[in-house]
Structures are given as C-alpha cells and as structure tokens.
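Dropping the structures in below, format is structure tokens.
Presented sequentially are two complexes of chain A, the first with chain B as partner and the second with chain C.
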Partner chain A sequence: MNDILDKIDTDTAAFRTHALPDHIVTPGEWETAALALGKGAAELTALWASRRGVHMLLRAGGNLGLLTLETEDSFPSVGRHHAPAQRMERAIRDLHGLIPEGAPDTRPWLDHGRWGVSHPLGRPGPATEARYPFLPAEGESLHQVAVGPVHAGIIEPGHFRFTAQGETLVRLEARLGYAHKGIGALMRGASLTRGAAIAGRTSGDSTVAYAWAYAQAVEAALGARVPERALWLRALMAELERLANHLGDIGATCNDAGFAMMLAHCGVLRERVLRAADAAFGHRLMRDCVLPGGVSRDLDAAGHAAIAELVREIRARFPALVALYDTSPSLLDRTVGTGWLDPALAARFAAGGFVGRASRRAFDTRRDLAYAPYDRLRFEVPCREDGDVNARILIRIAEVGQTLDLIDQLLVNLPGGEASAPMPEGTPGHMGLGLVEGFRGDVLAWVEIGPGGTLAASHLRDPSWFQWPLVEAAIEGNIIADFPLCNKSFNCSYSGHDL
Partner chain B sequence: MGMIEGFGIQGLQMLLVVALAPGLTGLVRRIKARLMRRRGASILQPYRDIARLMRKEVVLAENASWLFRAAPYLIFAATWVAAALVPTFATGLQFSWTADLIALVALLGSARFFLALAALDVGTGFGGLGASREMMFASMAEPAMLLTVFVIALVAGSTQLSTVVQAFSGPTVGLRVSLGMAAIALIIVAIAENGRIPVDNPSTHLELTMVHEAMVLEYSGRHLAMIELAAALKLLLYVSLIACLFAPWGIAREGDGPAALAFGALAYVGKLAVGGSALAAFEISVAKMRIFRVPSFLGFALMLGLLGTLLLFVSRTL
Partner chain C sequence: MRRLLLEGLLRRPLTEPLSPAEADETPALGAELAGAVRRKLGRSLAIRVVDAGSCNGCELEINALSNAFYDLERFGLHLVASPRHADVLLVTGPVTKNMAEALKRTYDAMPAPKWVVAAGDCALDGGCFAGSYAVLGGLQRLIPVDLQIPGCPPRPVDLLRSLVLLLEGG
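Moving on, here comes the complex of A and B:
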C-alpha cells in the first residue's frame, strides 16, 4: 500500500504551475489504491474517465497524486472498498461504458434512458431502459413518499424517495441526473475559449469558481503565466460570489424553517452584492468574466468604489441579522440538533466547504492547497464540531465575515498592470488541474490539451458529488417535515453534479 | 323588529362575511409583506385569485371519486354557515337560535372531516401526509376549543352566541381570570385551525412541511376557489369569534336602528383590521415549530381551557 501512497507526490506548488504528471498503474495497484482509500490512508478527490481509461485523484496533506488505469472495457471497482466512489463509478459507466468490476451498485446514475443513446462519451450503443429500481426498505407500516423531480418552488430538479414510518424517516434515496447537459461531450474538441464559457455554465451559482478552476487547469497545462492583477481580480470575484451565495442561503435556510424575516433582509443584502458585481464587472453573477490568461474586464475606479461601499453596508447591516438569528428561540429550536452529520462520515467522504467544516473537517482549498493570491492574504477557516443545521448556518455566518475581510485586503492591495495576457501554444497530451474553493467547497477542473488549441478531454467535479450522499445520511432518523430545512442547509448543486 | 328586516340583516351578515373574508387574508399578507419591507400584493389580490380560479378548468385525477368533487362545496357550505352564525355587527339575528358554540365546533369539524377524506381520496403521498397531520392537530385543537366553550358557557350561562355576547357586553361580567385563560386558549386554537405560523406555513412552497396546503395540492379551478374561500372564511370566523366574545363593543343589539347597525359594521371592520395586523406581526416574529411540538402547543390551550373551567367550579366570580 505504501507504494501507492508514494505516488501521491505532486505538491501544491507543482500542480499549480505545471502540467500534471500521472502514474500509469496496473489493475492490481488500482485496487490497492481503492483499499487504501477505504482504510482512510488518503482522500479521494475525484474519479473520472477519459478515452485513455479511468483516472483517480488522491490527496494526502498538501500533495496530490493522479493514478491512471488504461482500459477500454472495465476496471476494478473503487466503490466496493470506498463508498464515496460509487456514484462516480456509476456515472463513468453511463457516460463512457467502462464497467466497474465488483461494484456493489450496478444501477445507472446519470443515464435515465432518455438520451436516445448509451455511453455517449465512449462507444455509443442503443439507449438503455428507463426502469430504475429504488433501494428497498422493508418492515411494518412503512410508507413511501415520492417528491420531485418537479417541485412546488422554483428550484432545480431532483427526485427524492422517502421511506417513512409515520413521520420518521427510515431511508431517503435521491435520484439525480435530470439536469444533465452533456458538458463532457460539449467540451470535447471545443476551443479553449469556448471551454471557459461551458465551464462557467456548469453550475450558475458558482460560475466564477468553475471558470477559475477551468482557467487554472488550462494555464497549468500550457505553463502560462497570468498577470498578478488578474489573479487578484479573480479572487475579488470569487469572494463576491461566495458573499452573495452565503447571504442568500442563510436567509433561505431560515425561511425553510418558516422564518421569512431573515430571507427578506438577507435577500436585500444579496441583491446589493449582485448590483455591486454588475457595476464592477458588468454581470450580476460575473459570468464569462474569468478567462484563461486573465479576466475579461478590468476593475475601474467606479467599480472599486461600488465594492468598497458594499462592504461598508454589509458590515453595518449584517450583525443585526446575526443577532436576530441568535435571539430567535423559535428558529434555533428548529436548527439546533436537526440534520446532524457525523464527522466520521464527513471525513470519509472528504466533504468540502461549509458542510465539512461544520463537521470537524477543517479543509479549505484556499489554505490547504493554496493558490495565488490567497497565499498572500490573511484569513481564517472557521470550523465546528456539532455538524447540525445550526452549525452549517454559523459557519456560513463566520465565512461572511472572513470574506468581507478578504475583499478589504484585495481592494487595498490590488496590484496594477495588465488584467490578461496572451496564452502560449499548448502541447497536445499535456494535462492540467485546477482546484478552487467555491462557496460549496472545492471545485475541480481537469483538462487534457488536444491539437490546435482545443480540448481533448475534460472533467469538472462539483463538491456536491461528495455532499449529496451525506444529505441522505444526515436526514436519517429525522422527520419528513425537517427534510427541506436539512437539504437547504447543505444546498448541494444539481446542475454541477448532473454535468 | 319584523320578520323581513330580520331576514334582511341575516342575509346582509351572510354576504358580508363572504365579501370581507378574502380581504382579511389579503390584509394579513399585505401587512406581513410591509413588515418585511417588501411592497406586497394588493389587498384585493385574493379576490382576483378566486375570480381567476373560478374561470379556470378543473383538472381531476383519474381515480378521483365523487367525494373529491363534492368535498369543496361541502367544506365551503359548512364554513360559510358557521361564519354566518357568529355575530359580527349585530346580535339577535334571525338564525341566532341556531348560533350555538357547540354547533359551530361541529360545523368546522365536519368541514375538516371532508377535507381530510378528499385528501386521502386520490391517494397521493402528500394528501395522506397532510391529512394525518391535520387529524393529529385536530385531536388536540377540538377538545381545547370545547373546553374554552365550557368556560364561556359557565360565565354567560348559555352556549348561544347572541346571549353570550349580550351577557359579556353587559356590566356584570367584568375582568375574569377564567376568561383570560379562555381568550389565550381560543387564540392558540385559532392559529392552529387556520394553519398559521408557528403551526403551519400558509405561504410555503415546501410540499413536505405542509399541513393544510398538502391536503389541497390536488385541487384546481373552481374546486380550489371554493377551498381557498372556505379557508379565508375560517380565518374571518375565528377573528370575528374572538372579537365578539372578548371585545363585544359596538355590536348592535336586537331592535337597534340603522345608525347602530352602521356603527356596528364600522366597529367590526376595525376589529378585523386590528386582528389581521396582530396576526401578521406575530407570524413574522416566530419560526414554524417542529411538527411534534404542535401537540404540546395545543396541549397548552387545552390545559388553559381546563384550568378556566375548574376555576369556575371553585368560584363563580373568578
């Protein structure tokens, strides 16, 4: 097993600046790696497939290791030893037709039998059948409630199958894939610029994080130098995005407990962030603002002033909302103790973002796999141990404060110079990796450069891949009526997960 | 007062409650929106909604039985009759001999019974979920309501609303501990029965947390209009009931002239506005309870009702 752990040898500085080397492994070594994951010797960061075979990205401390198993038909199942890999393997089988041998769950995942074709990224075959058996739950007086994929509110599509005894939940099984857009196929052969646009549309609320992760991956693969100012502007956008999402979700989570006042006030603050982003970067959500080589729009004096004013306003108004949350016993009664996520599970699934940090997993890509400019900024990574809905809200409240501090630092120390630089010619076959801390957690982008400035292959991995299964775990033993509250406190992405 | 005027005033009362009910719902929504610094829809929006629903076609589940189609009318009729029995601006109405508090509870209970049956009828998961929650709440709310009725009856010497109102607005009743308890109990029951926060959230989009809304999810068109109107009437009924029992000022007596009637009507509209505003302010200041906390919330009302009754057995002056 130590041989495998020795392969986790690419340190942060290396993959941040250079093309990513990979270790070609044998099926035996692949299985050893899976066993090591199951024992907790390393973390699974991503698992995906390309035309060459299957890839597994492992993390241990600040080091990453990319294992590649070249195959055309099957590979030893990782999910058999390490549960977090199961849905990824099912997705690999749906998209590429590579069979995980010995996998405990052989049902399709993203493919609902409605594509008209199977394995669109591998060797296409006839469409699979649409039938989908849910996991059984047996016992006296159990009943099922089916929710979605179309919901009463304007939210993303997902199907939830609850098995309950009275109000108490026995099992929740989610079925996702309704928002599948075929990102993998769209990326294949696309130009690097078009790739940036597609990456930015993978999950709309994290468009900056995705575009930045993609840009990092391309720049690393090409060995490109990005102007200092561009990096700082990207961080500014990323922090604005985090701020908007945290503010919106803190209010929305309270609203799901029937406390509409928080939503109303947080909604106003979120709107202010979006308007400031519009004034500074020309788009409320800052879509298409980050491109490989830099940013598409430089910050002018008016934009600078708009963001500074925004920070002042939120600093003045947000503490009163935190106090309202802290002094509303009826609201705390709903959030404290609800939807408890076991820290052991959070560690095993390598849950990123506030979900992990509310359950003792103190990991933040900005600090632990540091990238510019965060390596020169001061910030803290809040962490809690209680792991309930309240903990996730409090982590996000603390992160709002950290983000405001970061924006201050970014505005004051913003370096001058160009906001973008031309990209060098790429070498076909080079691979690059990007990892960015979005508001949900670590957004990963992996690209392989093709001939003539195109993408040969890519993979975008949303943090939600590791968080969705935890929603199912956290809700067990709670009552049905508390599910919306728990679910909102995780707020996983459907679109980013469904690809 | 002649028979004709009597029927006239009773008819006026029946029309008045239907005409005002959506307005009260609209007022509560509007005030909630204003308190949250939103602009909010017009107070007239519920009228427009009902008019729109009346025009729309009805979409029925394939397996819906006659019960599902009949229930909205039964629910509306029962609630309307109940609302028409509560003295709003005048006592001594033509039907006041039937206006018994226990009859009121029975009418509302029947409406609930049909709504729960209709919710179960089409067999969706949400209907069953809503019906079971509604019945769990009702098993606590109804006894609490009845105990409140007993307190009132013991003080006023009657369960007939006209008599109660006349007794309460007279000089002999005054401030009593038992009536205070009954008032709080009745307010708690009213919040639960109307599915307001903290018991249920009338404006939620989350199917899994709904109680009343979960039961009516399958309804559409004129059926939904009937149910929405019945829900608005029920809210109006409870506000009117609390107002006429615990704030019986300005209600016209039997045989009063048009001036007293007009003043009564004006006072009534004022009471509705105060009740609606208080409800809105309360709703935005608390979060919704966990479902299983609701029985203890209603249990509190039950205990207050019981305590009030017991106090009156100890001494008639408490």
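Moving on, here comes the complex of A and C:
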C-alpha cells in the first residue's frame, strides 16, 4: 500500500504551474489504491475516464497523485472498497462503456435510456433500456413517496424516492441525471474558447468558479503565465459569487423553515451583489468573464467604487439579519438538530465546502491547495462540529464575513498592469488540473490538450458528487416535511453533477 | 425583529417601476397572441416554471423576480406549484432528453387555454449545448412556443417586461 501512497507526489506548487504528470498503474496497483481509500489512507478527489482508460486523483495533505489505468473494457471497481466512488463508476460505465468489475451497484446512473445511444464517449451502442429499480426498503407499515423530477418550487430537476414510516424517513434515494447535457462530448475537440463557455455553463450559480478552474487547467497544461492583475480580478469575481450565493441561500434555507422575512432581506442583499457585479464586470452572474489567459473585462474606477459601496452596505445591514436568526427560537427550533451529518461520513466522502466544514472537515482549496492570489491574502476557514442545518447556516454566515474582508484586501491591493495575456501554443497530450474553491466546495477541471489549440478531453467534477450521497444519509430519521429544509441546507448542484 | 419590521415600514420601498423597453429590445409577440391572454384570463397569470436541464442560471434570475426590487406579484403574475393551476408554462434549459417526457407531461397536465414561454438562449435553440446527443436543442422541438425571452440568462427586468407584455397584449 505504501507504494501507492508514494505515488501521491505532485505538490501544490507543481500542479498549479505545470502540466500534470500521471502514474500508469497495473490493475493490481489500482485495486491497492482502492483499498487504501477504503482504509482512509488518502482522499478520493476525482474518478473519471478518457480514451486512454480510467483516472483516479488522490489527495494526501497538500499533495495530489494521478493514477491512470489504461484499459479498453474494464477496471477493478473502486466503489467496492470505497463507497464515494460508486456513482462515479456508474457514470463512467454509462458514458464510456468501461465496466467496473465487482462493483456493488450495477444500475445505470446518468443514462436513463433516452439518448438513442449508449456509451456516447466510448464505443457507441444501441440505447439501453429505461427500467430503473430503486433500492428496497422492507418493514411493517412503510410507504413510498415519489417526488420529481418536476418540483413545486423553482429548482433544478431531480427525482427523490422517500420511504417513510408515518412521518419519519427510513430511506431516501435520489435519482439524478435529468439535467445531463453531454458536456463531456461537447468539450471533446472544442476550441479552448468554446471550452471556456461550456465550462462556465456547467453550473450557473458557480460560473466564475468553473470558468476559473477550467482556465487554471488550460494554463497549467500550456505552461502559460497569467498577469497578476488578472488573478486578483478573478478572486474578486469569485468572492462576489460566493457572497451572492451565501446570502441567497441563507435566506432561502430559512424560508424553507417558514421564516420568509430572512429571504426577503437576504434577497435584497443578494440583488445588490449582482448589481455591483454587473456594474463592475458587465454581467450579473459574471458569466464568460474569466477566460484562459486572464479576464475578459478589466475593472474601472466606477466598478471599483460599486464594489466598495456594496461591502459598506452589507456590513451595515447583515449583522441585524444574523441577530434575527440567532434570536428567533421558532426558527432555531427547526434548524438545530435537523439534518445531522456525521463527521465520519463527511471525512470519508471528502465532502467539500460548507457541508464538510460544518461537520469537522476543515478543508478549503484556497488554503490547503493554495492558488494565487489567495496565498497572499489573510482569511480564516471557519469550521464546526455540530453538522446540522444550523451549523451549515452558521458556517455560511461566518464565510460572508471572511469574504467581505477578502474583497477589502483585493480592492486595496489590486496590482496594476494587463488583465490578460496571449496563450502559448500547447503541446498535444499535455494534461492540466484546475481546482478552485467555489461557494459549494472544490470545483475540479482536468483537460488534455489536443492538436491546434483544441481540447482532446476534459473532465469537470462538481463538489456535489461527494455531497449528494450525504443528503441521503443526513435525512434519515428526520420527518419528511423537513426534507426541503435539509436539502436546501446542502444546496447541491444538479446540473454540475449531471454534466 | 421589531426593529427590522419598523424600519421596513419607515424606509421607502425598494420596488422599482418597470421602465419601458428600448424600441429595438421589445420582445416579438405574435399578432394572434397580442391581447388574447388579457381577453381570456383578465389581469392575472399563473406561471409554472420547469427547468428542462438548464445550468440553473435562468432559475436564479427567475427567483430574483420575487425579490423586493422586481416584486412580480404586483403585476398579477404568480409562480404556482402545480401545472394544474397554471396558465403559462415557463421553460428553461436546452430540453435534455432525460427531461423531455416529464416536461411534456407537465404541459399536458395544464388546462387550456395555455401559453408557453421559452426563457434563455438554451430554451430557444439549445444554446451552447445544441448538437449534443443528450438534448433536443430548443423547446419548440417538443411543444409549440408562444414567446421567447433571449439571454444567458435573461435579466430579471427582461423577464418581467416580457411577462407583463404577454399579460397586457403587445
């Protein structure tokens, strides 16, 4: 096993600035790595496939290791030893037709039998059948409730199958994939510019995080240098995105507990963030603002002033809302103790973002796999151990404060110079990795450069891959009426997960 | 809480009047549609939103319509939970094949008369996802569309203008 752990040898500085090396492993070594994951000796950061075979990205501390098993038909199942890999393996099978041997769950995941084709990224075959058996739950007086993919609220599509005894949930099983758009196939052979547009539309609420992670991956693969000013402007956008999402979701989570006043007030602050972003960067969600090589629009004096005014406004208004949350027993009664996520599970699934940090996993890409300019900024990573809906709200409240401080630092110390630089010619076959802390957690982008400024392959991994299964665990034993509250407190991405 | 409520009473409302669109920005509304909605339904529209595989960007801006700045209910526009209560189906996303059946069933569940609005570039023609094996590439490939609102995503004020136009006639 130590041989495998020795392969986790790419330190942060190396993958942040250079093409990503990989270790070609044998099926035996692959399985040893899976066993090591199962024992908790390393974290699984991503698992995906390409034309060459399957890839597994492992993390231990500030080091990453990319293992590649070259194969055309099958590979030893990782999910057999390490549950977080199961849905990823099912997706690999659906998209590439590579079989995880010995996998405990052989049902399809993204493929609902409606594409008219199977294995669109591998050797295409006839469409699969649409039947999908849900996991059984047996016992006296159990009943099932099926919800989705069309929901009562204005949210993304997904199906939830609840098994309840009276009001209490015995099992929740999610079925996702309804938002699958075939991003992997669209990226293959796309120009680097089109790749950026698609990456920025993987999950709309994290468009900056995705565009930045993609740009990092491309720049690392090409060995490109990006102007300092561009990096600081990217961080400014990323923090505005975090701020907008945290403010919106703090309000929306309280609203799902029937406390509409928080939504009304937080909604006003969120709108202020989007308007400041629009004034500064020309788009409310800052879509297409981050491109490989830099940013598409520089910050002028008016934009600078709009963001500074925004920070003043939120500092003036937000504390009263935090006090409102803290002093409303009827609201706390719903959030405290509800939807508890076991820290052991958060660690096992390497749950990123506020979900992990509310359950003792003190990980933040900005600090632990640091990238510029965060290596020169002061911030704290709030962490709690209580792991319930309340803890996730309080982490996000603390992060709002950290983000406001970061925006202050970014505005004051913003370096001058160019906001973008031309990209060098790439070497076909070079791989690059990007990892950015979005509001939801670590967004990962992996690219392989093709000939003539194109993408040979890519993989975008949303933090939700490791969070969705935890929603199912956290909801157990809660009442069915608290599901919207629990689900919103995680706020996993459907589109980012479904690809 | 009392202080916040009191402040809310004393501060001027944040809600903004809906400014008329620039002449060249007026959304195209079919002649047969103009006035028909008002004639048949009066001054109120119930809207059912379905995400047919969008990136979630459009949903963020549709949700923003309920905030204090846009306050869509003042125009008689209501976002409703069931297609059985809806006059208008507002669809986002390129219509993924995995969502097509659920979307069609939602449409079929709505009582007539009913109208369909495609919001965002993806719902118009698939946007940057057009050509994928996994999407239909635009809402009109599945059901007839009465009104299109372009944008990636459309701004809340554009969504609001188009919906008000549908209600009041072109």
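A few comments on the model shown:
The rule is simple: the second predicted complex is superposed on the first by the 499 of 499 C-alpha atoms of A that agree within 3 Å, B and C clash if a C-alpha of one lies under 4 Å from a C-alpha of the other, contacts with A are read in each partner's own complex, and residues count from 1 in each chain.
Following the convention adopted for this analysis, a residue touches a chain if its C-beta (ideal position, glycine included) is under 8 Å from a C-beta of that chain, and two chains touch if they have at least 3 such contacts.
In this text, all values refer to a predicted model and were calculated from it rather than measured experimentally.
Applying the stated contact rule after C-alpha superposition, one finds that A:Arg270 touches chain C and leaves chain B untouched. In the superposition on chain A, no contact is made by A:Arg384 with either chain B or chain C. In the superposition on chain A, contact of A:Ser328 is made with both chain B and chain C. Of the two partner chains placed around the shared chain by superposition, neither chain B nor chain C is touched by A:Lys7. Look at A:Gly116: by the touch rule set out above, it reaches chain C but stays clear of chain B.
Of the two partners chain B and chain C, it is C that touches the larger number of chain A residues.
By the touch criterion stated above, A:Pro157 is placed in contact with chain C alone, chain B being left untouched. In the superposition on chain A, A:Gln144 contacts chain B only, with no contact to chain C. Judged by the touch definition given at the top, the superposed model places A:Phe259 against chain B, while chain C stays out of reach. Taken together, the two complexes place residues 152-153, 261, 264-265, 268, 328 of chain A in contact with chain B and also with chain C.
Chain A meets chain C in the complex at residues 112, 114-117, 120, 149-150, 152-157, 177-183, 185-186, 194, 197-198, 201-205, 207, 248, 261, 264-265, 267-268, 270-271, 274, 284-285, 287, 320-321, 324, 327-328, 493-495, 498.
Within the complex formed with chain A, the residues of chain B that make contact are 32, 35-38, 125-126, 128-129, 132, 197-198, 201, 203-209, 284-293. The residues of chain C lying in touch with chain A in their complex are 1, 3-4, 14, 49-64, 66-69, 79, 81-83, 93-94, 96-103, 106, 127-129, 131-135, 152-153, 155. Across the complex, chain B is touched by residues 143-147, 151-153, 162, 166-167, 254, 256-261, 264-265, 268, 328, 330-331, 333-334, 479-484 of chain A.
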